[in-house]
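One chain, chain A, links the two complexes that follow: it is found with chain B in the first and with chain C in the second.
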Partner chain A sequence: MSDFNTIYDSHLALKDKKISATELCNEYLKVAKENPNNTFITLTEDYALNKAQEIDKSGIKNHLDGIPFSLKDLFITKNIRTTAGSKMLYNYIPPYEGTTSSNLQNAGAVLVGKVGCDEFGMGSSNENTPFGPVNLPLNKDYLPGGSSGASAVSVLEKSSLFSIGTDTGGSVRLPANFCGLFGYKPTYGRVSRYGQIAYASSLDQASPFARTPLDIAIIMDAMTKNDEKDSTQAPIGAMSSTSKILNNKDKSLSLVIGIDRSMIENCREDVRENLNQSIKELEKNGVKFKDITLPHLKYSVAVYYVIATSEASSNLARFDGVHFGFSSTEGHDLENSYALSRSLGFHEEVKRRVLLGTFCLSSGYSDEYYSHACKVRRLIYDDFQKAFNECDYVYSPVCATTSFKKDELMTPLQMYMNDLYTIPVNLAGLPSMALPYGSSSLNSLPTGFQLIGNSFKDEELILDSHKIFEVLK
Partner chain B sequence: MSKYETVIGIEIHAQLNTNTKAWCNCELKINGFENHYVCEVCSAQPGTLPVVNKQAINYALMLGIATDCNINKTSFYDRKNYFYPDLPKGYQITQFHTPICEDGAIELVGESGEKKKIRIERIQLEEDTGKSTHYNDYSLINLNRAGTPLVEIVTKPDFKTAKEVTNFLKKIQSILVYLDVSKGNLQDGNMRCDVNLSLMPKGSDTFGTRTEVKNLNSFRSVERAIEHEKLRQADILDKGEEVLQQTLLFDVDTGATRVLRTKSDADDYRYIPEPDLLAISVSEENIEKLKNELPELPTDKVNRFIKEFKIPKYDAEVICSEKKLAKYFEKACSLHNGNAYKKISNWVMVELLKLVNEAKADVEKIKLTPKHLVELVELIESGKISGKIAKDIFVEVYDTGKLPGEIVKEKGLEQNSDSSEIEEIVKEIIGAHPKEVEELKSGRDRVMGFFVGQVMKKTQGKANPKITSDLVKKLLGL
Partner chain C sequence: MSLNINKDLVLHISKLARIKISDEEVSEYEKNFKSIVEYIEQLKEVDTSKTEMLSNPMTLNLGYYENALGVSRKQREDKIETSLNVKEVVKNAPDSKNNEFRIQSVIENS
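The block that comes next holds the complex of A and B.
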């Protein structure tokens, strides 16, 4: 087994010919094939080896050349089955290529396979899927969080050097936090959503998992190219955060970080201890913490479940059994065939959210729920803007607890509360880095925090995360 | 029926003839090989996103300017959610809350010349669905049409009669064609009309319950559906019953309407702002630019033709009702050396339109070009042929594309203006018809026509009618 586990170190090893792309690929494929944590839905072994061999022939140029990675199965891959973790798309082979997949593969990365997730990205545990739950490699009784849990696990179990998930309400930052990895949710509109199966269009954003901020930078540089196929992507060109990190000489952390301490007080004791410790250490390294209030954040979960489910009810309408995907042949007329295909094709959580969204948009309720939620969403955004008038970043927990056990019974509402701290970021469209920090005194599982930046301050946030990582590690 | 006042408003859907579909780069070939002009976007594959067709936006703006609308500087797309197999996304992208154009108007001229303003409530951008074809135990879906850009034009309930509605439709149709933003053809389905109709007691100002009659694909159907629906509703009201708010389909065979669905369960389209598209922003400069580049509109062309060619308003309106016809006429006038524009107009309106309509021909593709027509008119004007001969050879020119002058020469049809030759014939005819001679002498001028006609008969229409009548007068000493 190679002794490097970051993209950057692997890149140097590949460049120095300490290892070939094919050898590296085989190492990661071996784990992927064993699939010890039920991470993979579809393995792309031949595809990956072909690509690795090509790269060995053409030589290493880019940071991502020959780097094995996985994609959450919400990302469209041409001619490679894409299931969205759902029975609905169990046999769906896309006829086109998605932007996330093409950007990373064009940059040289080698696709090992498609990994599981909560169906259509709806969930916080990676359990809501007919493909079965995914183990937390650190303790197999526990879950990696969701919905992009399997992506986090693929990095942790070393079947991928990095993985791309989707973050709609925390679906990347939560599993990153539970698995002790970096998870980065870009500013809404920084990356293309073309070829990413939509859950809630105004919140969804493709987001990477990796072991260091530098690795996140390498991935983000490749993912931020302009894509004219997504009108909601800001046409501001690719980031160049890798070179900014590599060329950075200034190690000081002269940052002002806003903090609403009530958030920390609401966390479980073991998490709270570590958060307070991280604050102390950051202060020791020059960071100034400033008390702020974010008064409307308490409405975030309610607002999120109105807006996200409303959009989902519309986005998921195309899965009706007519044009693609699961189709029940039992229907005796059109309406019945729709009802059967959707009742049998979707799992409980998806049905719950589609029904909730359908209700929220119904005439007579739309103004009370959907329109109202949109107004509160704006107030949440304004809260953050006020904070950014006086600070560079906002510090926040990612989750009040560490990972939870597989058999821990939770009501849907309890499950939704796991995303209490991550959801406001999506509602406000802001970038946020989940950073791992310490482990729980209760169960030894990873803990961490997130740093939230202002819109389109992605490069700054990634660079500062790198600096923080350097002093905290 | 006379107890009620009819209130009608209409919705027109027109397909825009852009180069590509509304949200993707697929060619617009609705009648091409089935499901061939379809990509991942218009077949709604998971993960796809729409990208706005800027040409469609400009077309809607041009239409808004031409119909005197207010242009919204910022307008939005919304999703209208409903399930149907020919709507693969499960929603239609449309404009619900804020359309691109609002509050326009078109002026109609009634039969007795009175002017009437029809207000346009809104013009919104949206997309067409695919096409379903139903068979006994299965249906087929063709997505070539899915994602075709449409404008929907919604009027205020300003119409009172079927005639007003069809006049309005014709006006909109000609504007669409003049602007070259739509083919505007009802029969081919690139323009469709839904009629909302209700009755209220005369003098009342409270509208009755309305019904909506959908997808009327000819002017005749529009008129028949309105007449039928008027009577049907009056009948219901007369019986003291209530009109139900329904969506109806017009049956061309029976001339009656039948219920498509009753709206009691309140259609709930669960409108939501389209999160995949940005707002449409229209700059003042863009509006100004479009205004300056706007092609001449039918009303402006009518006025110009009246002024420039001194033709009556009626002629100008008939000619300008069709863009191609107006172009034909204008071309003919430009080729003509002289000022016999009214003559050209007569030939275009009567003889040419008759043949073109009979053959359902495209006036731009017929063999009788403006050049042919002008030559013919000039042959008459210069006295080389008679009007009768001209009419006779008109069909031949139309069928063969030969120049009129050639035909006249080949067949020796040039008008005979040789007085001595005609005089011989006149003498002969006077000799053979003593009774008519007496009648003419006694002052019945109409009989002159008889003599001229007889001479024409003898000369196969070649005798110059003026010279002929002069000779008759001279020989009879009148």
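The block that comes next holds the complex of A and C.
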């Protein structure tokens, strides 16, 4: 096995011809084929090897040339099965290509396969899927978190050098935190959503997992090209954060970071200890922490479950058993066959959310629930804007605990509370980096924190995360 | 609680959502809904009389790139492009005939 495990180091090795793209690809494919943690739904072995051979012929130019990666199975890939982790799309072969996949492959990255997730991105455990739960490689009794858990695991088990998940309410930052990786949720509108199977369109953003902020920068630069096919994307051109990091000479951390200490007080003791330690370390390196209050954040989970389920009920209406996807032949007329196809094609959590969203939008209730939730969403946004008048970033836990065990029983509401600290970021459309820091004194599993920036401060946030990583590692 | 969640409401919602649910599931969803809606009810304590709705952050982002960066959001040019061919579109259909989607009967047999 090669002794480099970041995109950047692998790129240098490829460029110096210490390893060929085909050799590198074979190393990662070997793990992907063994699939020790039930990470992969569809393997694209021949496809990957062809691409790697092409790159060996044409030579290494871009940072992503010859870099093996995986995609959450929520990203459309032309002629490659895309299931959304659902029985509904078990045999779906997309006739078109999504932007996330095309951007990364055009930049030279080699697709190893499509990895699992909670069905349609709905869940925080990677258990809500007919393809079965994914193991946390660090301790197989535990889960990697979700919904993009398998993406995180593919990086950790070395079947990919990076992976792209989707973050609607924390679905990338939570598994990154549970797995000890970096997970980056961009500003809403920084990346295209074309060809990303929709869960909640005003919250969903494609988001990368990697081992360093520099790797995150390399991925984000490739993912932020203007895309005419998504009118919610800001037409402001691709980022150039890689060169900003590589050319950066200023190592000082003269930042003001806002903190609402009640958030830390509410974390489990082992997580709290490490968060406090990270704050001390950052202060030692020049960061100034400023106490702030974010009074409406406590409503985030309630707001999220109105808005996300409402949008889901609308987005998932397209699965009708007629145009594509699972179809039940039991219904004897059209109405019945819709209801049966959706009942048998969707798993429990998806049905629960579609039903809840249908309720929130139904006649007589939509003003009371949906419209009101959108107003509280605005107050959450305003809380952050007030904070950013006084500080560069907001510091927050990612989760109050470390990863949880496979057999831990939770009610739906308890499960939803895992996303308490990640959801506000999606509601306000802000960028946020989940950074790993330390491990738990209780179970040795990874812990970490997130830094939240203001809208479109993506390049600054990635550069500062790089500087912080340099002093904390 | 102001709202009475009962079996009839759950069945009504399942009909609207076109999701068939069994009798057992009705009780289970009724229980889930009660606790989730009870939790959501806390939003009612927030005074939003002077607040506008935020349904998508894009609406607030527009100001950022139009004012700060001078980039305007233009509509795409209205030009004709080739779309997917019919064969490819119906390829994933559970049932099709002559490149058309085939559905079950809509009108009852007399």
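Simple rule for what comes next: the second predicted complex is superposed on the first by the 473 of 473 C-alpha atoms of A that agree within 3 Å, B and C clash if a C-alpha of one lies under 4 Å from a C-alpha of the other, contacts with A are read in each partner's own complex, and residues count from 1 in each chain.
The working rule: contacts are C-beta pairs under 8 Å (C-beta built on N, C-alpha and C of every residue); 3 or more make two chains touch, one makes a residue touch a chain.
Quantities reported herein were computed from a predicted structural model and do not represent experimental measurements.
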Chain B or chain C: which reaches more residues on chain A? C
Contacts of A:A84 with chain B and chain C, given as first, second, both or neither: first
Chain B versus chain C as contact partner of A:I76, first or second or both or neither: first
Output check: A:G195 vs chain B and chain C. Expected answer is one of first, second, both, neither. What do you get? first
Would you sort A:S314 into first (chain B), second (chain C), both or neither based on which partner it touches? first
For A:T232, decide between first (touching chain B), second (touching chain C), both and neither. both
Touching A:K375 in the superposition: chain B (first), chain C (second), both, neither? second
Could you tell me if A:G123 is touching chain B, chain C, both of them or neither one (first, second, both, neither)? neither
Contacts for A:V322 in the overlay, against chain B (first) and chain C (second): which applies, first, second, both or neither? both
With the two complexes superposed on chain A, say which partner A:T411 touches: chain B (first), chain C (second), both, or neither. second
Share the list of chain A residues that count as touching for chain B in one structure and for chain C in the other. 92, 95-96, 201-202, 228, 231-232, 313, 317, 320, 322-324, 334, 338, 358, 362
For the complex, give me every residue of chain A touching chain C. 91-93, 95-96, 187-189, 201-202, 228, 231-232, 234-236, 296, 299, 301-303, 305-306, 313, 317, 320-327, 331-340, 342-343, 346, 351-352, 354-356, 358-359, 362, 369, 371-379, 381, 411-413, 428-429, 455-456
Please name which positions on chain C make contact with chain A in the complex. 9-10, 13-21, 29, 32-33, 35-37, 39-40, 42-44, 46, 48, 51-58, 60-61, 64-65, 69, 71, 73-74, 76, 84, 88-89, 91-95, 101, 103-106, 108
In their complex, what parts of chain B are in touch with chain A? 39-40, 43-52, 79, 81, 83, 85, 88-91, 141, 266, 268, 270-272, 275-278
The answer for chain A against chain B in the complex is residues 74-76, 82, 84, 89, 92, 94-96, 98, 193-198, 200-202, 228-232, 310-311, 313-314, 316-320, 322-324, 334, 338, 358, 361-363, 366, 370
